[in-house]
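Presented sequentially are two complexes of chain A, the first with chain B as partner and the second with chain C.
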Partner chain A sequence: MAKYRTWIVFIVLILFIPVLLRTLAPALLGRAILIGIFTILVIGFDLAVGYGGQINLGFQGFFAVGAYTTALLTVRKGLPVIFSEPLAAMLSGCMVSVVICYLISRPVLRTGGFFLAMVTLAFGMVVYTLANGWDFLGGASGIIGIPRFHIGPLVFSTDLWYCYAVWAFVLFSIFLSLRMVNSRWGIALRAVHSDEIAAEVTGVHVSKYKMEVFLISAIYASIAGSLFAHHLRGVNPPMFTFTLLLLVTLAIFFGGMGTIWGGLVGAALVQGLPEGVTALTSYWPWMSNTRELLYGIIFVLIILFMPEGVFGRVRKVFMESNRLPGKNLRTR
Partner chain B sequence: MDYLGFILQYVISGVTVGSIYAIVALGFSFIFNASGVCNFAQGEFVMLGGMGMIWLSGLGVPMPLAFLLSIVIGVIAGILLERGVINPRREAGFLILFALTLAASTFFKGLARLIWGVYEHSGRVFSPEVYQFLGASISGHALWIIGGSTGIFVAIWFFLTQTLLGKAMRASTDNRVGASLVGINTQMITLLSFAISAAIGAIAGALVAPITLMSYQAGGQFLFRGYVAAGVGGFGSNLGALVAGYMLGIVEQLSAGVISPLFKDGVAFALVIILLAFKPLGFFGKA
Partner chain C sequence: MDDALLEVVNLTKAFGGLVAVCDLSFTVRRGQIKAIIGPNGAGKTTCLNLISGIFCPTSGKIRFKGKPVTGSSAYQRAYLGMGRTFQNIRLFTAGMTVLENVVAGRHTRTKTGLLGVLLRWRRASREFTSATEKALEWLDFVGLLPKAHSTVGELTFAEQRSLELARALASEPELLLLDELAAGLNEAEAEHAANRILQIRDTLGITICLVEHNMNLVMNTADEILVLNYGQELADGTPTEIQNSEDVIRAYLGEKKYA
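Moving on, here comes the complex of A and B:
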């Protein structure tokens, strides 16, 4: 039982917190959904950056690809009905993301971080420009009228039900990520991160691992994007700017790089902060201009004084035993 | 206007904005060469220089003095960045340093928002004349900008190859430990590189302020283009950064004119992706 304690606590929390929020503070239910979506995004980024050491500055672009694919397939008519099914649309988004990700990163993956960062940065800009300028994608006003998330006839018709759906995805992605990073594949990936030459000499196919983790992280972003589109029931270009990438980076440093659970902590903190600032603004109106400043100060302080992140610090202090899944490497 | 003049007009405005990108790229690769830091706060130096210029000239400070003072604002930000954030974690890896500069850029953005508010401003041109050239027109201010980019390029070349301090900087780029063994204060060199690069960025901002809208979040667009220009030119090559900056500007303006203004950013960046697929190390890059 002890082995599963964290999971049981987590599932119980997922089951009870939305109900609690609906009775106590219904306005925060939307925030809970956002935290869930953001968690998937952050975990995907953490896989590429924290475990793989590959910087992806166009991560918000893959989020946009997922969101726009879902929007197009579920709203536009004329395609076979099966494509307008949210899960099918989500899957299509993942495929598009993977293909694009492969095409843009394959040539530069071997040349090191700077060029990979540059190509992905350019990709993010291209996606934004296309979303903004191409009428097919709705232009600056975006696409509205995305239906609520449903699986066949089962419709998640309220925020409460959608919250459960999103957190089911979160649960699954955390579970899957932990399985991945603790497998042989994950160990090889960490070897690539810490020393490419040593990994290559040991027989790890370095560029294959880099490519794989990059594609997997794009899939995570795409899924988060699809869920986001269903949550807001519409997409428009300003949702997918570099600011989003900034928040994701902030979140992995908040939570702790290379810790899957840290993604959850970081996402909750980053998405909770605006709520806190808004609350303070009602007392001190001048606070409304300080959001960037606060982000900046907290961001700098965290990286300078707590580079292992909140989750990493907590784990170091409290968890000497193997209570949290993912703490120790399991070797097979 | 005939078709040639039409194209020439876009090329001229392309070179003008390209000069700004080239200056940002020069500043970006200056820090990168001297300290290996990929400085994502470079765009904020541009923003601070531009906002400082607009603010000071709005207060009635004479233009040349406002120009100098806005450079000073940029340099202060650069020194603050190096002393406060980079120096304590000098030995950290690429990722941490990237995140630190990103964090610092958020801080500068927040500070600018607190001081100057959220609205967009525009500055006054340095000289209002307009010249005719082969059927296209070029403004006096555009000449200032183009002259500024070549001037900075020459100044950097002169500094790095002809002065003792510049040679010391190149030595510490080449081999940090070796440089400190022969008595070069490498910490000072890093600080100096940040100060100079911030000055370059602030010059770009002060020059571009009259021809664009400046706000606290204007830094990003300059950073992205400067970064891409520095990369396409091959990190470390100043000539490459200059040429790539001009080309980026020309492509951007031509695609705005020939295709659609809506796609002008997209075309340039898409070309960058395609280009790097064939030349993964940039134009002037060495393996």
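Moving on, here comes the complex of A and C:
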């Protein structure tokens, strides 16, 4: 039972918080959905950057690929009707992301570092420019009219239901990520992050591991993008600017690099903050437009006092008290 | 020779104009402890890097267990049964514990890849647990069991060397390449290291090829010594032969009157 304690608490929270929000503050349901979507995005980024050590400056591009694939397949007619199913569209988005990710990272992952940063940065820019300038993708005004998320005849017709759907995805992605990092694969991945030569000599096929984690992170971003498209019922280019990447990076620092639950903490902090500022503004009007300032202050405070992030700190304290040989075999 | 585990034939490595290893040939036989010595810059570490696949040789051949491995990459050689340590310790530090370092060392002895983790979790998990148990055994072997959950930064220098050894041993290699295991260790620690080398060969049956500056350690452990100077073989023989070789004494220790 103790083994599943975290999960039970988490599931209970997921079940009750949306209901609570709907009765007490319905306006915050949208924020809860955003936090969920953002969590998936942050965890995907953390897998590549925090665990794998592979920088990806075009991460928001894969978010866009997911969102636009969903938008095109669910809005435009002409393809077999099965493709306009949200789940099928989401899956297609993942496939497109995987193919693109493979093509752009294949030549540079081997060298990594600076080249990888440059190529992924270029990818993010190309995606933005394409979305802005190509009429097929709706140009600057984007694509609107995306239906509500549904699975066959089952429509998630209110924000409350969609909130549950999104958090089901969050639950699933946290679950899978924890499995991935708590395995031989995860250990080898962190070995690659730490020292590629030592990892290679230990028997790790370094370039294969880098590619795998890159593809996985692209899939996470793509799924988050699809969910986001259904949430806003439309997509447009300003959603996928470099600012999004900065927020994701910020969330990783807040929550703790190389921690899965930290992704959730960081996402909640980054996406919850604007709501907090808005709430405070009604008491102190001068607080409006201080969001960026607050991000900055919190960022500096966290770097100063918790360089390992909020969750990273919690885990460290927890692990200190658990140090017995043979005990606590699970590492994350 | 039938019992040759590692054969190096006419190996040459040039970095631009600098020839670090020149036309080197030698053999390491099964169950042997072979030491490679030589003055600074003689090409000893380059030689190990060529054997373990970190560098690609300019020319020449390497055969491991009778199979040519000259063109295969380092991880493939690890799968074939090579393990090594580094002169300037290269442990996995990115938030990884001592235990996790050794679990990483079990990589070649375990199988689950990404798909295995996602689709066959039960098996992956069982494999991971047994890898962890094995890793604890190896930590016990080098005496680091009490520190299993420490981070690498909390270890002393000597402990870090032991940990690197445990990581290499965890893959249960047939050939263990040790790059200056005793560098930076004090007299007592170096003697302990020498005993451990003998123990690894005698009880685990692992063939060892070591690069070393500590002459006591070399003379006490090695069955055969290869002396390098400017990337070329100066002598190859038993410790007694090497100690009495005029060439070696002149090149390695200086002129006889100063020796």
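Simple rule for what comes next: the second predicted complex is superposed on the first by the 311 of 332 C-alpha atoms of A that agree within 3 Å, B and C clash if a C-alpha of one lies under 4 Å from a C-alpha of the other, contacts with A are read in each partner's own complex, and residues count from 1 in each chain.
Keep this in mind: contacts are C-beta pairs under 8 Å (C-beta built on N, C-alpha and C of every residue); 3 or more make two chains touch, one makes a residue touch a chain.
What you see is a predicted model; the values in this text were computed from it and never measured.
Applying the stated contact rule after C-alpha superposition, one finds that A:Thr202 touches chain C and leaves chain B untouched. Judged by the touch definition given at the top, the superposed model places A:Val317 against neither chain B nor chain C. In the overlay built on the shared chain, the residue A:Arg179 is in contact with chain C alone; chain B does not reach it. By the touch criterion defined above, A:Ile216 reaches chain C but does not reach chain B. In the superposition on chain A, A:Ile82 makes contact with neither chain B nor chain C.
Using the contact criterion defined above for the overlaid structures, shared-chain residue A:Leu24 touches neither chain B nor chain C, since it reaches no partner. Overlap of the chain B and chain C contact sets on chain A: residues 53.
Of all residues in chain A, only 49, 53, 55, 104, 107-108, 110-111, 113-115, 117-119, 121-123, 125-126, 128-130, 132-133, 242, 246, 249-250, 253, 257, 289-297, 299-300, 303-304, 307 touch chain B in the complex they form.
Chain B makes touch with chain A in their complex at residues 38, 84-85, 88-89, 92, 94-96, 98-100, 102-111, 113-114, 117-118, 216, 220, 224, 227-228, 231, 235, 260, 262-266, 269-270, 272-273, 276-278, 280-282.
Those residues of chain A lying in contact with chain C across their complex are 53, 176, 179-180, 182-188, 190-191, 193-195, 197-206, 212, 216, 258, 319, 322-326, 328-329, 331. Listing the residues of chain C that touch chain A in their complex gives 52-54, 73-75, 78-79, 83-84, 86, 90-97, 99-100, 103-108, 110-114, 116-118, 121, 124-125, 127-129, 131-132, 136, 139, 145-146, 148-150, 167, 171.
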